[in-house]
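Lettered A, B and C in written order, each chain numbered from 1.
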Amino acid sequence: MSVAVPALPRHRPLTRWTALGVVGALFALLTLAAIGFGSTWIPLEAVANVLLGGGERTERLVVLNLRMPRVAAAAIAGGAIAFAGYLLQRITRNELASPGVLGVVDGAAFGVVLFMAVFSNEANALTVPVAWQPLAAAIGALVAITVVFVLSGRQASSAIRLLLFGIAVAAVCKALTTIFMLVGPIYQASQAARWLAGAVNAINWGEIQIMALCLVPTLLFAGALARNLPPADLDDVSAQGIGLNVPVYRILVFTAAALLTAIAVSFVGGVGFIGLIAPHLARLLVGRARLAGILMAMLLGAMMLMGADLIVRVAFTPLEVPAGTVTAIVGAPYFLFLLMRKDQANG
Amino acid sequence: MAFVSAAPRSTVELRLSPAVVFLLLAVALALAMLGSLTLGYRLYGLDQVWMAFFAHDGSETATVIAGLRLPRALIAPLAGAGLGMAGAVVQTLSRNRIASPDTLGLNGGAALAVVVASIVFGVQSLTGLSLAAALGALVTSLVVFGIAAGAGGLSPLKIVLVGVTFASLTHAIVEVILTSNEAQLQQLLFWLSGAFVDRPISHFFTGLPVVAVGAGLALVLARPLDALQADDSTARGLGVPLGLVRAAAFLAVALLTGAAVAMAGPVAFVGLVVPHAARRLVGLRHALLLPASGLAGALYATLADIAARFVIYPVEAPVGAITAVVGAAVLLILLRKRAA
Amino acid sequence: MDEPSRIDIAELTLAYGSEVVLDALNLPVPAGRITVLAGPNGCGKSTLLRAMRRLHAPRSGYVMLDGRDIAGMGGKDLGRQIGLLAQSPSAPPDMTVEELVRLGRYPHQAMLQPWSPGDAEAVERAMAGTGVRELRRRRIGSLSGGQLQRAWIAMVLAQETGTICLDEPVNHLDMAHQIDCLELVTRLNREEGRTIVLVLHDLNLAARYADQLVFVHRGRVVERGTPARLMRADLIAQVFDVEAEIITDPVHGRPLCIPLGRSRPAETEAVPQPA
């Protein structure tokens, strides 16, 4: 089912890259601000200083061990899930698709909770290296999205139907997650609950390294696939006509999206809505160009999660409200707005 | 507005007479309620149940049965009945068979209202919370249906997307509020997925009148609701006052959903699954469908509540998790059938 | 069955926002006859039919039923007088034929009044009259187009109204079922004396079945009268924008229109208006 796309102004390459440049600069500023902000405000120059190798010892401690991990995790996770959302929206030809709605996030969450429940001893410590957590998330994400696709069968071509299958699978994953959280020790339940809502605060460099390590090959994989993304309004038959093996390609794209989501979610938790909004905003800013669109989406996604984390630190201190909650509170109305607007565009 | 569905394969159906169906449902419900009293972490015999009610000797057995088992044996069917009937009305109102109080976000709105009322406004009385929940459900239904109507009539699938998104929004807001009560997080987590356990019996007595009023209102609307299953033009051609009927139906749904959520938290998917079963049993006439949904909902909730005791024995699972799994499976089946 | 009603439409003006769809329209609908509304797309014929059944509130003007302004009548009261078969009606595919026909009794039932033998009889008569009795327990989603249409007509019949309005009832039916449906409607008129108002797209069908044919164009009645009077090449060119040859149907003696081509170049086509 092809969706009528509202007419967008044609973006000339110069405008695109200008927009990217501007956003990139904003991203850099936001990074500095996010690092600077906290219980003690560290001025931007000091932050830059530390990053360049200098700076006072206390400042270095705060920046490198407390702030940067959070910010880096937010940037990586936000960017990864934005890319995943971009892929999903392009392959389903519908701007309502996102990892959150296709059950990928909940599948990954279940994978992680299962991992925590199975591989914990009585002292609530993990019996295997935490490095395996992204793998658990990835397996959960892949299983979930596979189930969604197998079950939807022929209906997968209807984006809306697909989303509903995703919601059903997500519901099952959520229920199972709840059950496993109860089976496990109580301490883990609250930890898991916060993680599920999308929390950046407990992250450390080790986990970030794992994320980054997993991310690099995944990005390459996804990037290679993205090169073959057909034009947005080309239906399956025509795409096949220009030589694209649509079923196989589609499976690969979904796998890539699931992996990206899994990485993002594995240490940071449920931040699905970013995968919805970032690609959409990117398209508004740079049009349908692929490379610019992907970069823009990732930048925006990173900024969104960093921004959400910043808001949490600013507005809710000392409460540790999960950043994912903030994105949901912003993301859900936006999604609703999208739903309504789409219908008006379609008449 | 066309219905998004393939032609059903069965043509002539051998259907049991409604009287027989109701009798069977009632008997099954009675048995299930008995089961709810006897089955659980410890198994009790019928004699012990009898003793607990009619010859209370202060023993632990009698206390457990009368104090712990009885409330949930009463609350589960009441909440289930409320949600079942609310689901039937919602599906008719929205002409959408995958609509339900949860998929349209009403449960979420009611839950948010309860959390806000109790934590922000300090409302303690159960009646107050029930009404807060009803108000939450009502406001949510107005918003969701308003969005649907305002956008020139969204497709049934889109409306459900709207509702589910709304549910995740209210869930996120609830989370923010609850994070400040971290000590209770475990308990609240449990409640947030719906539970009949650990409820005082006063919940039942406060919920009963609200459910009764909601059910009564829905039954009065039975005939207009029948006509509402057809398109708007046909219904108006028959003389149905659409606006008035819809408003009254919203109110009924809000009362039923509100009472159920205030008693037991947002129990997932009951309102989705039950009307489908009821329709298969008694057909589409609301004079039959509403009571059947009520009975079937009561039965389903009670059975789920019993299952909740054994799924991860000896730990008690939240009944909402069970209904979510069953409900999601049913939703998947419903979605698949449309393809054929 | 009561006496057939007579509808009078006087200076009816209806608008959607600033767009005028019906423009001070006047039309008498004779009792006990078949009136057919015909006209090009967007002329307002469907809107007119729906206004007759008060599905739209007019900006000014009246629809009178036996001398009473329908604007002041109660919903159920009007539902007992005028029945409407809407264009593309829909109902759940798993609804049985009997459940559908029963809906037609709605205007006759007070709030908590139980189902009466009178209601049951009306339903039986309606199903018998349209030949769907054997289909009563079938799901409407499993019916053929012709069967489904008969089921809907049965629902309207169960309303037992003196007047029946049908909005493009045969558009989506094949030839055999078109004839079936219109013959049924004619029988209801001839045998039971009900007033029928039809909106038909096919001009030849309109000419064949109408007692009073009405040409509607841009929200006004251009002309009305017997098909013989209205089926003239010049009038058809004016209303339908088509050059046509008119002959007489050798079987039924009614005028038959044979379209030859557009009467003017496409650029001067009228701006389409909502029907």
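Here, a contact is a pair of C-beta atoms (placed from the backbone, for glycine too) under 8 Å apart; a residue touches a chain by one contact, two chains touch by 3 or more.
Source: prediction; values computed, not measured.
Colleague: Would you identify the shape of the chain contact graph, picking one of line, ring, star, complete or other?
Modeller: Here the contact pattern is a line, an open path with two ends.
Colleague: Where is the C-beta contact count highest, in terms of which two chains?
Modeller: Max contact pairs: A-B.
Colleague: Indicate the whole-number Å distance between the mean C-alpha point of chain A and the mean C-alpha point of chain C.
Modeller: Chain centres of chain A and chain C, defined by C-alpha means, are spaced 56 Å apart.
Colleague: What is the distance, in whole Å, between the centres of chain B and chain C, each centre taken as the mean of its C-alpha atoms?
Modeller: 43
Colleague: How big is the gap, in whole Å, between where the Cα atoms of chain A centre and where those of chain B centre?
Modeller: 34
Colleague: Note which residues of chain B are touching chain C in the complex, please.
Modeller: Touching chain C: residues 1-3, 5-13, 95, 97, 220, 223-224, 226-227, 229-231, 233-234, 236-241, 279, 283-285 of chain B.
Colleague: Please give the residue numbers of chain A that touch chain B in the complex, ascending.
Modeller: Touch list, chain A to chain B: 96, 101, 151-155, 160-161, 163-165, 167-169, 171-172, 174-176, 178-179, 181-183, 186, 189-190, 193-194, 197, 316, 319-322, 324-325, 328-329, 332-333, 335-336, 339-340, 343-344, 347.
Colleague: Please output the residues of chain C touching chain B within their complex, sorted ascending.
Modeller: It comes out as residues 50, 53, 55, 74-80, 83-96, 99-100, 102-104, 106-107, 109, 111-112, 137-139, 141-142, 159.
Colleague: Show which residues of chain B lie in contact with chain A when the two form their complex.
Modeller: Per the stated touch rule, the residues are 98, 147, 150-152, 154-155, 157-158, 160-162, 164-166, 168-169, 171-173, 175-176, 179-180, 182, 185-186, 189-190, 193, 268-269, 311-312, 315, 317-318, 320-322, 324-325, 327-329, 331-332, 335-336, 338-339.
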